[in-house]
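What follows are several structures.
Paired with chain B in one complex and with chain C in the other, chain A is shared by the two complexes that follow.
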Partner chain A sequence: MIKKLSLLLSALIFSVAVLAVDNHYVLGVDGLACPFCAYGIEKRLNKIEGVTDVQVDVGESVVHVSMREGKTLTEDRASQAVDEAGFTLRSFSEAEGETGGNDAQ
Partner chain B sequence: MRSNRPLAGVSVLIGALLLTGVSWVQAAPNTFNTALPVAEGQYLWREQLVLRERSDNGPMDREVSVQALGSVLGYGVTSRFAVFGMVPYFFNKELDVTTPMGRIERDTSGFGDVSLFGRYTLYKKDETGNTFRVAPVFGLTAPTGDDSDSDRFGELPRPLQAGDGAWDGFAGVVTTYQTLQYQVEGQLLYRENGRHDGFARGDETRFDASLQYRIWPRSMKGMPGTPAFVYALLESNVIHRERDETGSGTDADSGGGQWLLAPGLQYVSRSWIVEGTVQLPVAEHPNGDAIEDDYIVRVGFRRNF
Partner chain C sequence: MKAIGKWLVHAALTLAAMLALLAWVGGAINWNQEPPYSLVHSWGEKGNGAGQFNDPTGIAVTNTEVFVSDARNGRIQVFDHEGRYKWEFGTTGDGIGELGRPMNLTIHDEKLYVPEYMNDRIQVFSLAGKSLALIGGPGEEPGQFNAPGGVALADDGDLFVADFYNHRVQHLRADGAFVKQWGTTGETGKGAGEFTYPTDVTFAGDGTLYVADGYGNRVQAFDAGGDFLHKWGGPFALGLYGPFKGWLTTATSVAVGPEGNVFVADFYNDRIQKFAADGGYLTAFGSKPENPGHTAMAVAIGSDGTVWSVNFADNRVEKWQPVK
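Showing the complex of A and B:
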């Protein structure tokens, strides 16, 4: 009985986690070459409704963006935000899983 | 001396600019501007403490000591156009000079002249891990500082006042090439100083250049995210100042040319920059007995928000 209950609980937790998964995007950004400049990109992207997290990888010139469940980021909106920060969007891709995918050149 | 009146002569002889020399803008070099972007809606706040010592080789053995704080607030109107406001505060601006009455000390303190200026990114070329930008700058300095302070000897010499009493204008162009490893900047700037109450500081033309080289982290390999950088920097300032205008003529012992080199260090994170440099004269060609710089120390921080 306890074993069945544990199994049921595990399945329930797993299904909720799958349903609640965020959308992740990887943005290639040209012109980004120092930490102080990264702040402007974070600020502009964080203004987009539904964005829950922005991680800038300066060395790779990419930005990982997480969106709340049910929210999506379009390439045009991402390009606008990067442009408002003073940089140039090089590439845009939707990533698989939590950590995002590779930069899609 | 152009006059037998010692104190009036001191006014005239001070000659060379006693401006704080607070460098105005946001990122990159410590002694001048940059063309790097300010994001739309982003603010930049900068404080820079300036300690400047100056002296001359003339018979009056003048020594000038300035301790000032330059406060700058910048705002990104668009990604290409940013505006900045700068106000200097002089903790002390002091002149020691030998007169027929002996060695005397004169000083003042208070807010100086406020500068407002804009910078527009005319050209940019972004590539992966680097950027090249060209941005004209243009602005005005308003006569907000006290230009009529006095002490027991009378009104202070005009160059010693916290403000010059006149509207000044400046314009120039700054260019930046930045990579993950290093950054090169250049600036050409002209400042035309206005005239007030019979006095005008000499107009100024300057060419500035800087090299910043990332010394930490040594390599970006295996460095995810946005690690803080430490840059070693070397800046160069070549400055030519015309003679000050006094009455209907010019002060023969003012203005001239100088070349300063400034080694320094800069810690740069996402939101903060902490920096320090020492500007040292490499070559000075003062007009007559104009005052020359001995050294200028600049330490400060910048904050993004």
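Showing the complex of A and C:
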């Protein structure tokens, strides 16, 4: 029983450690209310190596991007993806913490 | 003194003419109008359970059922005409029978045609939900798509596809073989037969093909032979957007009613606009959003003239009938 609990605790600590080193970014993009445009940005960002999750927040006009451990997103690369989708990157910042589950597809 | 009076009369007449022109362009002067439609029923809320939606983006109706694209849930949900959930099919993915953001739906010859935004293909289903064919694939070559938004079917089974990011409408055989295209691949345009992110297409009974030229903020019509007929939306259909009668601010869906009238989902104005076949404005109706975003995403017309729409911001299906 103690062994099982130890394993569970170790797994929990390990998973928290993995989440802690993920990189998260917040991209400001105006005019994201229409799914034809919001999906276009998701589609392009998801093609970038290391992206694990893209969440569009229509109310705040921002896109949250999560990257796998050890992968980073540069402002230039983000700007290029947003530009390819037909929009302009208004702001770019690295965020703290976890942004949520995978909703990439 | 007499010269000054004459000049004043001319100035007043010129001013009146300019005001009349502005009012006409703005949609204030319009003799060809109908009463609006009223909302008779609606259902749905955000979620992933039966009867819930996470981004409804398309709708098609038969005489007994309503098919709805539930985009982020990767499925098509089927309801009866009273909004009672019947069944569903599809799951998120890119395999056969799986869906990558289904968009504007079309039913033709007992088959459901589903444009998949993320998978860059048209998937054809039986009305029982069985996958029958996959057409297209990602790219910009003839017969390939970059985010297809809508599809129309000719009587002979040929497909006409609104190829959103390629800024074109493609004409394909039933097996996906390329026939021709309108618009220049990858280039937006404001002229006749050019497009700026086209989102949907539909046929009228007389063979006229209507294209919702999404961010071109207009509708373009082509005859059965593919020749350009006319366009409308804003002053001279040059792509200007606005909230006035007959103006559009991102046209996301188009459908034709049993009498040949054209219904357009005017997304950012939260309304469905109804036009005569020649583009003359008839009426408009819609729901104000209760959540962030906008409502008028997709529209379908029943054989009895009932208008069905999906409310994107509020994750609902809405049923409209003419005010009597």
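Note that in this section the second predicted complex is superposed on the first by the 81 of 105 C-alpha atoms of A that agree within 3 Å, B and C clash if a C-alpha of one lies under 4 Å from a C-alpha of the other, contacts with A are read in each partner's own complex, and residues count from 1 in each chain.
The rule is simple: a residue touches a chain if its C-beta (ideal position, glycine included) is under 8 Å from a C-beta of that chain, and two chains touch if they have at least 3 such contacts.
Because the structure is predicted, anything quoted here is derived from the model rather than measured.
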item	value
First, second, both or neither for A:P35, with chain B first and chain C second	both
Chain B versus chain C as contact partner of A:G86, first or second or both or neither	both
Contacts of A:T72 with chain B and chain C, given as first, second, both or neither	neither
Chain B or chain C, by number of chain A residues touched	B
First, second, both or neither for A:V58, with chain B first and chain C second	both
Set intersection of chain A contacts, chain C complex versus chain B complex	33-36, 39-40, 43, 58-59, 86
Residues of chain B that touch chain A when the two form their complex	27, 36-42, 76, 78-80, 121, 124, 126-131, 178-180, 183, 220-221, 223-229, 268-271, 273, 302, 304
Complex contacts: residues of chain A adjacent to chain C	33-36, 39-40, 43, 58-59, 86, 103, 105
Footprint of chain B on chain A - complex, ascending	28, 30-44, 47, 55-61, 83-88, 90
Touching residues (chain side chain C, partner chain A) in the complex	55, 57, 71-72, 74, 92-94, 100-101, 103, 117-118, 147, 149, 164-165, 197, 199, 214-215, 250, 252, 267-268, 292-294, 297, 312-313
